[in-house]
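Chain naming follows the written order as A, B, C and D, and within any one chain the residues start at number 1.
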Amino acid sequence: MFVYRRRVAFSETDMAGIVHFANFFRYMEEAEHALFRSLDLPKIWHLPDGSVIGWPRVQVSCQYQSTAMFDDELEIRLNIDRVGGSSLTMSFEIYRGETRLAKGSMKTACIVRPLGESMRAVEMPVEYAEKLGAIENPREK
Amino acid sequence: MFVYRRRVAFSETDMAGIVHFANFFRYMEEAEHALFRSLDLPKIWHLPDGSVIGWPRVQVSCQYQSTAMFDDELEIRLNIDRVGGSSLTMSFEIYRGETRLAKGSMKTACIVRPLGESMRAVEMPVEYAEKLGAIENPREK
Amino acid sequence: MFVYRRRVAFSETDMAGIVHFANFFRYMEEAEHALFRSLDLPKIWHLPDGSVIGWPRVQVSCQYQSTAMFDDELEIRLNIDRVGGSSLTMSFEIYRGETRLAKGSMKTACIVRPLGESMRAVEMPVEYAEKLGAIENPREK
Amino acid sequence: MFVYRRRVAFSETDMAGIVHFANFFRYMEEAEHALFRSLDLPKIWHLPDGSVIGWPRVQVSCQYQSTAMFDDELEIRLNIDRVGGSSLTMSFEIYRGETRLAKGSMKTACIVRPLGESMRAVEMPVEYAEKLGAIENPREK
């Protein structure tokens, strides 16, 4: 399990006085990028031939159990559920102290976008498969 | 089915050149509010005793099938799947022209927040149950 | 004067119950893009040689006179103050009905980014100079 | 001078590949709140009688000198320029390493919103005046 911490910014709240629900997906994404950074894996990889490797979202979800407020210190716990040939599935739990605020999931696809062409799914580069596979942690749901 | 149209803003794109995935939830929310507005239902209802009726999210999801780009004209199609006693379940399809870009869902709970107290789930006011129930449309998935 | 209208979204409010101040810059930008669209001028122009013409910000400001709330219908009035060789200066007024909520300004630079190089300031293409110059409106401040 | 550090998130970039200009105001605001937190000053102060003390923006500006990119580590330097009776004026410099990316300013007003009434300007509570005044640093511009 990878842990990322971050504080709620004022601009992330809405007029209900709580964090706007869509921002939970930004928190999950920040945790994902902190994981990639810790593994020295680029989120956007520019290859010498001008093509780009990226990771667009395929499916995301979030269940909300309690609210997050301005200035809360959040802990986002990331679990790698599955490293497929060209996909990566992660699950998330967002805590404030001992209270779990939300559970989420993200499935992303590895794509390549050759220079001047459209993106298409691709087998993920071995650097990703090895490093992400090493921390894969299949779980009972 | 309720239809809401809106154009993609520049600030909603990210460095991958496409709409950031979390913004699809804002588009769904805007469609929901356009529906409420069309039914003359307040999204946040301030009652005479100082308490407030609101609709926080319980569960949301989105599947991405194609990308949305700057300046695209999007059509968000909203369907009321279920009007429960204190919950509302909607599904969404996001189109650009004939191309479906994404499918989403949102389950929201009706809550009351009495003045100076915490929020708690509550039976939705009859105005919501009647108007939303009138357009409820259970579907085969 | 060019006029752009748009409604305040729920996600644009903050816990103070009003539109977060930074979102006023998004409203101004949307007005600018609506103007460009109406003149058939691309905001990001991909040239045949792979280089890109764009308009990054040089200087922006906003004065806030009243607050904007969820669901308000805003009118953003855009004035072209000056079309320089490689810069464009606009001013904005944001109204709700008869009430002016804010005044803003934006100075942007025309840049070119040749393929694989950094951006640099450039004389704006004649299409921009002519169309924007035709509606330039120097004003007493 | 107060210093706040933060990394650029992916969702803060736009299709030009750089941080969207409006997000610089969020970075300044985060620095302001980090300063308030370090002084044990609430950003939103709920008084026992139900009224609220807050700090809406009066005037903000930003000059952009270079671009910020995904994953950049930014340093936001905050200076208190003036503590007025009911206003606070701050200036900001945003650096990546030795490179200054932007300079900004914010003037905010202290307001009170009594329960069920509109906000109005108010003399700032002595806790703010004393703590902020102690670090006021008038500068030549």
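As a convention for this text, a residue touches a chain if its C-beta (ideal position, glycine included) is under 8 Å from a C-beta of that chain, and two chains touch if they have at least 3 such contacts.
Everything quoted here is computed from the prediction, not taken from an experiment.
Relative to the C-alpha centre of subunit D, the farthest chain centre belongs to B.
Just to note, of A-B and A-C, the chains joined by more C-beta pairs in contact are A-B.
Mean C-alpha positions place subunit A and subunit C at a centre distance of 32 Å. In terms of their C-alpha centroids, the spacing between subunit B and subunit C amounts to 29 Å. Mean C-alpha positions place subunit A and subunit B at a centre distance of 23 Å. Contact with two or more other chains is made by residues 10-11, 15-16, 18, 22, 26, 29, 44, 70 of subunit D. Subunit C contributes residues 10-11, 13-18, 20, 22, 50, 70, 116 to its touches with subunit A in the complex.
The touching residues of subunit B, when paired with subunit C in their complex, are 9-11, 26, 29-30, 33, 37, 43-44, 70-71. Of all residues in subunit B, only 15-16, 18, 21-23, 25-26, 29, 44, 54, 56-64, 67, 119 touch subunit A in the complex they form.
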